[in-house]
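Can you keep this structure in mind? I'll have questions shortly.
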Amino acid sequence: MHVQEMISAHPDVKGQVNDALIRCIEECYDCGQSCLSCADACLGEQDANQLKQCIRLNLDCADVCFATGATGARRTGSNEELIRSMLETCAVACRLCAEECEKHASRHEHCRVCAESCRRCEEACEGAVRTIGFRH
Amino acid sequence: MHVQEMISAHPDVKGQVNDALIRCIEECYDCGQSCLSCADACLGEQDANQLKQCIRLNLDCADVCFATGATGARRTGSNEELIRSMLETCAVACRLCAEECEKHASRHEHCRVCAESCRRCEEACEGAVRTIGFRH
Amino acid sequence: MHVQEMISAHPDVKGQVNDALIRCIEECYDCGQSCLSCADACLGEQDANQLKQCIRLNLDCADVCFATGATGARRTGSNEELIRSMLETCAVACRLCAEECEKHASRHEHCRVCAESCRRCEEACEGAVRTIGFRH
Amino acid sequence: MHVQEMISAHPDVKGQVNDALIRCIEECYDCGQSCLSCADACLGEQDANQLKQCIRLNLDCADVCFATGATGARRTGSNEELIRSMLETCAVACRLCAEECEKHASRHEHCRVCAESCRRCEEACEGAVRTIGFRH
């Protein structure tokens, strides 16, 4: 992805790229895509009835990750209070989805890979939150 | 929209519809659409340069509203910790967008209508949060 | 929803609202939401294994409907070639999803309601395409 | 991104990965993200009034790319008629956005990078269409 290259080219950024936020945005898209694919692969499994909670958490996590990636990448104007709250919510979505996927990781490779994406994204969201100022 | 009708027909719901959550989901889609249209209308205005912060908050609010509508409507399995956090984040997005749109409401009808959608959605998210149990 | 009110307030529209397109945008959001809810309700059914194709078409149709609603509502600048192609694609998504939901409509109320939303959206997309000029 | 890894792990795929489609899905997410960032960067420019058409095409292209990535990645069940139509629509969105971004590429680095993402995605969509069977 070209997140770093695109954000570096924003007129208000001019070299002051927030590396933690950029990594977080990349992880959000990666995790969102992994979660959509995991939901689809779980649905295709013969034991799909045992994976209903996993599918649900996958779909929720994907929705939250893509919205976090989109809001986190904007540099025109500011919306720090929202980004902070969204990053915290995204870390929750990723943690809950990872916990569920990990239960199925030994049987289903897609759950194993997805759990890793979720853990990386959870950690990246937590890392990015610490870099976002917030003034009431 | 058919939110009530669709959720009532879910096999795990069977008449126990959460009216506050249903209203919230409807408001999320309405607010998300209003925000996308307001961003577009602001961009089309001759004084668009004075509306850059409004466009940014509109786009952020739309992303969060649609993700909240999608995650809030799922009834298979459960994800209450996430829904709760997402509803709180959505209330923040709506409040911040409403405050900005209200500054332009006297000059731009689209900002006036959008601010009202945001305020209704903010209130509906806060009402829905109070109905969502949350056990650590 | 406030589609008509928001688009009427766009600076470039000024009373020249395309009613067929506005109805189409409203149907896209309604259909997208119905499809997300139908996918979730199908997943919750005891015979979910027989509804896998329905869930897949629901999720695809939702993705296409929301993207069509978003692109169709913009009035700043122009993108008629894309809107036209997107409306045609959305009509395909709705037709295929409706055909599948109709197979389950007698057993599952959510499939019955969703099939109706899909048919209304299919028709609205086809109606809107006829109003969009297209010059190569 | 983990598109290849996730799709390879789908129970119905089992090693029969369609490389052209996988590349296309990756390009869709890359292009969608680049377009969102380009819209935001254009809005932040001092000459934003001259970039309104570019912002509009960026936002449209992002909506279409993300929907194409999501629908194209599903392997449970089938929806080939829709995927084909969506890939063709996405190629249109990318071509039109690339043509506009190329006009500003010499002045704005974000438009230059975004135009390249759009051209790669356009080409990948066209390559993927040729691999999708379609039976009426």
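Order as written gives the chain letters A, B, C and D; numbering starts at 1 within each chain.
Keep this in mind: a contact is a pair of C-beta atoms (placed from the backbone, for glycine too) under 8 Å apart; a residue touches a chain by one contact, two chains touch by 3 or more.
This structure is a prediction, so every number in the text was calculated from the model and none was measured.
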| item | value |
| --- | --- |
| Third chains touching both chain D and chain C | A, B |
| Same-site or different-site touching of chain A by its copy chain B, using the half cut | same |
| Remotest chain, chain C as reference, centres from CA atoms | A |
| Centre-to-centre distance between chain D and chain B (centres being mean Cα positions), rounded to whole Å | 27 |
| Gap in Å, rounded to a whole number, between the CA centres of chain D and chain A | 20 |
| Set of chain A residues in contact with two or more other chains | 40, 43-44, 52, 55-56, 66, 70, 74, 76 |
| Chain contact topology (line, ring, star, complete or other) | complete |
| Complex interface listing, chain A residues touching chain B | 52-53, 55-57, 59-60, 63-64, 66-67, 70-71, 74, 76-79, 81-82, 85-86, 88-89, 92-93, 96 |
| Complex contacts: residues of chain D adjacent to chain B | 40, 43-44, 48-49, 52, 55-56 |
| Touch list for chain B against partner chain C, complex | 1-3, 5-7, 9-12, 25, 29-30, 33-34, 36-38, 40-41, 43-46, 66, 69-70, 73-76, 108-110, 113-114, 117 |
